[in-house]
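Presented below is the structure to which this report refers.
Labels run A, B, C, D, E, F, G, H, I and J following the written order; every chain starts at residue 1.
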Amino acid sequence: MTREEVRDLSLRRKDEKGLTWEELGKAIGKSPIYTAMLLYGYGQATEEEAKTLTSILELPEDAIKALMRAAYRTPSQPWPPTDPFVYRFYEIVLLYMPAIKDVAHELFGDGIMSAIDMSIDLKKVEDPSGTRMLISFNGKWLSYRKF
Amino acid sequence: MTREEVRDLSLRRKDEKGLTWEELGKAIGKSPIYTAMLLYGYGQATEEEAKTLTSILELPEDAIKALMRAAYRTPSQPWPPTDPFVYRFYEIVLLYMPAIKDVAHELFGDGIMSAIDMSIDLKKVEDPSGTRMLISFNGKWLSYRKF
Amino acid sequence: MTREEVRDLSLRRKDEKGLTWEELGKAIGKSPIYTAMLLYGYGQATEEEAKTLTSILELPEDAIKALMRAAYRTPSQPWPPTDPFVYRFYEIVLLYMPAIKDVAHELFGDGIMSAIDMSIDLKKVEDPSGTRMLISFNGKWLSYRKF
Amino acid sequence: MTREEVRDLSLRRKDEKGLTWEELGKAIGKSPIYTAMLLYGYGQATEEEAKTLTSILELPEDAIKALMRAAYRTPSQPWPPTDPFVYRFYEIVLLYMPAIKDVAHELFGDGIMSAIDMSIDLKKVEDPSGTRMLISFNGKWLSYRKF
Amino acid sequence: MTREEVRDLSLRRKDEKGLTWEELGKAIGKSPIYTAMLLYGYGQATEEEAKTLTSILELPEDAIKALMRAAYRTPSQPWPPTDPFVYRFYEIVLLYMPAIKDVAHELFGDGIMSAIDMSIDLKKVEDPSGTRMLISFNGKWLSYRKF
Amino acid sequence: MTREEVRDLSLRRKDEKGLTWEELGKAIGKSPIYTAMLLYGYGQATEEEAKTLTSILELPEDAIKALMRAAYRTPSQPWPPTDPFVYRFYEIVLLYMPAIKDVAHELFGDGIMSAIDMSIDLKKVEDPSGTRMLISFNGKWLSYRKF
Amino acid sequence: MTREEVRDLSLRRKDEKGLTWEELGKAIGKSPIYTAMLLYGYGQATEEEAKTLTSILELPEDAIKALMRAAYRTPSQPWPPTDPFVYRFYEIVLLYMPAIKDVAHELFGDGIMSAIDMSIDLKKVEDPSGTRMLISFNGKWLSYRKF
Amino acid sequence: MTREEVRDLSLRRKDEKGLTWEELGKAIGKSPIYTAMLLYGYGQATEEEAKTLTSILELPEDAIKALMRAAYRTPSQPWPPTDPFVYRFYEIVLLYMPAIKDVAHELFGDGIMSAIDMSIDLKKVEDPSGTRMLISFNGKWLSYRKF
Amino acid sequence: MTREEVRDLSLRRKDEKGLTWEELGKAIGKSPIYTAMLLYGYGQATEEEAKTLTSILELPEDAIKALMRAAYRTPSQPWPPTDPFVYRFYEIVLLYMPAIKDVAHELFGDGIMSAIDMSIDLKKVEDPSGTRMLISFNGKWLSYRKF
Amino acid sequence: MTREEVRDLSLRRKDEKGLTWEELGKAIGKSPIYTAMLLYGYGQATEEEAKTLTSILELPEDAIKALMRAAYRTPSQPWPPTDPFVYRFYEIVLLYMPAIKDVAHELFGDGIMSAIDMSIDLKKVEDPSGTRMLISFNGKWLSYRKF
């Protein structure tokens, strides 16, 4: 099975069984976001994780091997993004990142936030003016090497 | 003055005077990120903010009016982004957003996080395995209207 | 079923049964435009709407679930648009929007018209110089947040 | 003078004099939107309109001739649009136009709404749930010719 | 049937039966060009035209309905065009249209030639220096509306 | 002088002197369209044509040499075209050319209409249903060589 | 059969039978290059050529008709080219053509080398410093028409 | 001086002095094509070549150093090419190169024709059916290395 | 079989049999990288290599012929690359190559490193600050030819 | 001074003074490649490095500050690359990286080679078959974080 086939089948099974990312995450001891990333094809499952997910979602046997492979990461969406949920983040990177980068260099000097050694957190916050979404990215700071 | 001219001049003056975003932010009672966004051209200053910034950075008089205009927001960078700091966020949106969107709809139903009624927070976190950068986006949740 | 499969099948069935958007809209108590948007894949049906549409159009059972999901919104057309009906609106956004934006900021200050909390209305108007089409967009005004 | 030079100078002068589109529109007996379109370079002024605008905005003499020329219409913005105000309309055309087109053909048969013989109207509407923006496009319906 | 399926099948049948556009055009009382446009998917047939073409080309019954629908017009070729026949016209639009537009505005004032209310004519002309192709476009002139 | 400089200066002078393409064409014994093409940079003037145009438009001496050079032909417009006059022809090539090509091959066999050995004609036609524009392209037919 | 199907099948058969372009060319009295172009879909075979090729390659009967049609010429490769053999020629056109054009106009005046009435020749040349490839293009010179 | 400045100035001087590529080539003992490539910025002159060209064209002293540098090779034209002379070669690479590559591999096995160790030749050929242009590329054959 | 089919099947078989590139490389006496390139479709196998690989991986008989063909080299990935492993190298070429080129010309004069007569080497290096990857490219230097 | 101004001036001065990257590198105790990257705008100089380079190259005083800033990294070349030296590396990433990635994951598991904590080495190697260029990239291996 390819990672794309695992993704498509996983999402269909999750839907049919009425499972949530919360529940799938608990089953493997990971956050809902990471679990979704794993099934969408952006992570390398341990054998245990692969077996648990394959069993809960009743995927075929070879999904285990597929989930344990280091995948070629390709987007599961058209690009530039057309979905309004995704586009708003694209807009943030397009417009505000140079300003954010400038403030970050003030704090850290030259370098980048790693998108590899990084975790993501998503929360729902109730506020007098209405519900808000709070999303955080936490990544290792890497400095440029001199040689 | 155009917003681009205000940006270029502000950044040069900030550099010459050795001012930080932290200090500029304090002067107008806003966060360093928002202050940077304002001077990069992505916000509409109140008269007081505009006057304070113009005075601290010794900008010409008409910078006040320029800072108070609703600007046409264009990126201050090439696109797709070439700078590694910015690209890593582009990569996150490109690869992981559909998985994040999926988890978000589980929490909120159909809709989006507004990129207009939104704030941004940036922190430096020391960790045994090295320094980490933590960035958060906090936006109003908007549901699709039926009609 | 994917949302694309629901769209294709719905359009074929609507055609075969000779149903109009007007009639489908009435059946679920929504406007013809919104009803078309729903079946094209750009809305999240309530259970009642999904069941009614599935029954009228004789779609398979799992169309109900599909119609109730928050979909990834992708265009159902090539882009840039090639159809003359659609291109004319693309041309309007391409050429006239900066002028419109300028007038809007005069009325509202800095911000945007939401394309999420928004409704659309379409009318045929007879005029001495010939038939005219009148289309209106009505969206919530959102102001940029300061922080 | 080119139309671009007329635009840049007009906008600066309008700003300096604190004039509104409302006021400029009244001066030439046209709507604020049309007046903005004219100065942005998307219309052909009559001699009277050209003279009135040139005089109010204190433009140089040859602005009159420039305003009366049929211009090559080029966008006064980057494309695809980056400004959130404009992008939201781009998103509407990208996602919802095929559904709207489908409803329109039900009302009108095959053809298009002209973007040439067309007028635009913009209104601010107060609503219990907050301010809303209402924008309408009114264009001649054109049917395809057979031959 | 989709319009694309009608096109593919029509072209195959026309080929097998050795029919010419000239002959098909005569059968429905239209020009060869318009007839080709209709079957390529760029026109809305009357019931009579649809029935005649379906019968001559021995298409399945539902081709009639398909031919009578207002289609979404998409190109039946890659773009930019790669075929030398088509590319030469693309080159003409790319290079010479601004000069032609300039002359046209001298004759007509500001406006456009409609590509909707338009007919096309194609002729073979023998000339001492060799065969020549003569193609003409005849479209309604539309003036921009003021409002 | 570059051809672009000749173009810009010629158009300004033509405007100031109130000359038409009709008049300029008569002066060199060519059609208005060809004359416009020449000054826009898409033709190689004979010495006589170059001198006459330079003299009527009061261009500097070295415009003569520039007009007599074989130019690198680049578009004098953005691409894809944004002006509605030009876009309508782009739309015709995009949508209808494969159908036209098909009819042309029926008349001529395999080959192309040359866009080099080609002339263009533009006319205004009054019709009961309103003014119409008629434009024709007349080019040598070239057959593919076998070898 | 489409031209693409003829191409795919021809190449497979040629491979299975161990035929060379040299041999196929001899069979129809054409050069190896032209013969390859014909089967790749870039030429219109005479009835005799079509029958000979169909027979040697044991193609189905309707390949004859397909080979005799004037095809829509589309590239049989991704674009820009990714194969190093093809890219080197792309690089030549990208970098050196303006210099070559300049020299050509010195020899020929304004005009172009036709890519329609053109033949191609390919040779292997042994040289002390190693094997070399020699490729030549021979095309009719076309001068721009005045009108 | 940059290579672009050398190019622009050289072309202007060559024009003013009425020099041909033929003559410039003779002066440095190279072909007209190579000489044009050198001045357009696509070659590294020896000291002698640089001095001779600088002297004949009366370029400033530092043109010598500029001509002797290994340049970053960028196109001196828009891309894809718009000039008909250049486009015809682009079309040849786009359409016919896969067929040519196929024949070349029959002669040479896997590999490429170098575009670095390569020479170009251009000739005018008179033919009963009219003037023809003959252009040849002669490059070293490189085989892929195994390791 | 096409080279793409050989690639897909080879990778699946390698996975099922638990073979490594190291082992496959040893079997044909080549490096792991070259062996991977061969199966991905970027090399021309000798008959012996083709037979050995086909036998170990239990591919069908005609894989032998396919592996021995000179393939059209197309990327086996989307482009620009989306996978973070690949993107980092893309970033290096995008940002640092002009600086590297500059240093290379200091060492070698004008010319290029061949990507045809080239080998690649990949190593894992343990370092006190963590594991490092070391990759080297070794290619023949080619100088530009004068003519 | 911007980083681009520092680059342009540095390169001119280096040229005029006949300095090599080797010599500049020695002056700051870094490799020639890193030194070139620094002046091209892809590194953050220490105060000492900035002062030494500014003094050797006789740059204005504020080059020191500019060299010490964390720059926005943009390419100093068109993209995709047109220079043959650079393109060959682009071709390597385009074609061979997926195969290399596959071998790398066999050695390292899932992750990437950092392009931030990375050094580059360039050597000239004499070989019986001619001069060769050897270039190596040495980067920290980063594994994906689980969360």
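Assume contacts are C-beta pairs under 8 Å (C-beta built on N, C-alpha and C of every residue); 3 or more make two chains touch, one makes a residue touch a chain.
Chain by chain, the UniProt names read as follows: A, B, C, D, E, F, G, H, I, J = Cyanate hydratase.
From a predicted model like this one, the values you see are computed outputs, not experimental measurements.
**Student:** Which chain pair shares more contacting C-beta pairs: A-C, or A-J?
**Tutor:** A-J
**Student:** What whole-Å value do you get for the distance between subunit D (Cyanate hydratase) and subunit G (Cyanate hydratase) if each is reduced to the mean of its CA atoms?
**Tutor:** Inter-chain centre distance comes to 50 Å.
**Student:** Suppose each chain is reduced to the average of its Cα coordinates; what separation in Å results between subunit B (Cyanate hydratase) and subunit I (Cyanate hydratase)?
**Tutor:** Computed value for the inter-centroid distance: 42 Å.
**Student:** State, to the nearest whole Å, the distance from the C-alpha centre of subunit C (Cyanate hydratase) to the C-alpha centre of subunit I (Cyanate hydratase).
**Tutor:** Distance between chain centres: 48 Å.
**Student:** Per the centroid of Cα atoms for each chain, what is the distance between subunit F (Cyanate hydratase) and subunit G (Cyanate hydratase), given in Å?
**Tutor:** Averaging C-alpha atoms per chain gives centres 32 Å apart.
**Student:** Where in subunit D (Cyanate hydratase) do residues touch at least two different other chains?
**Tutor:** Expected reply: 33, 72-73, 75, 77, 82-84, 91, 94-95, 98, 101, 111-112, 114-116, 118, 120.
**Student:** Would you please name all pairs of chains that touch?
**Tutor:** A-B, A-C, A-D, A-I, A-J, B-C, B-D, B-I, B-J, C-D, C-E, C-F, D-E, D-F, E-F, E-G, E-H, F-G, F-H, G-H, G-I, G-J, H-I, H-J, I-J
**Student:** Any idea which subunit C (Cyanate hydratase) residues touch subunit A (Cyanate hydratase) in the complex?
**Tutor:** 65, 69, 72-75, 115-116
**Student:** Please give the residue numbers of subunit D (Cyanate hydratase) that touch subunit E (Cyanate hydratase) in the complex, ascending.
**Tutor:** Touch list, subunit D (Cyanate hydratase) to subunit E (Cyanate hydratase): 30-31, 33-34, 43-44, 70, 72, 98, 101, 105, 109-112, 114, 116-120, 142-147.
**Student:** Which of the residues in subunit B (Cyanate hydratase) end up touching subunit J (Cyanate hydratase) in this complex?
**Tutor:** 15, 77-78, 82-84
**Student:** For the complex, give me every residue of subunit I (Cyanate hydratase) touching subunit B (Cyanate hydratase).
**Tutor:** Listed in rising order, the residues are 80, 82, 84, 87, 91, 94-95.
**Student:** How about subunit G (Cyanate hydratase): which of its residues touch subunit H (Cyanate hydratase) in the complex?
**Tutor:** By the definition above, subunit G (Cyanate hydratase) touches subunit H (Cyanate hydratase) via 20-22, 32-33, 36-37, 39-40, 42, 73, 75-77, 79, 81, 83-86, 88-104, 106-108, 111-115, 118, 120, 122, 124-125, 129-141.
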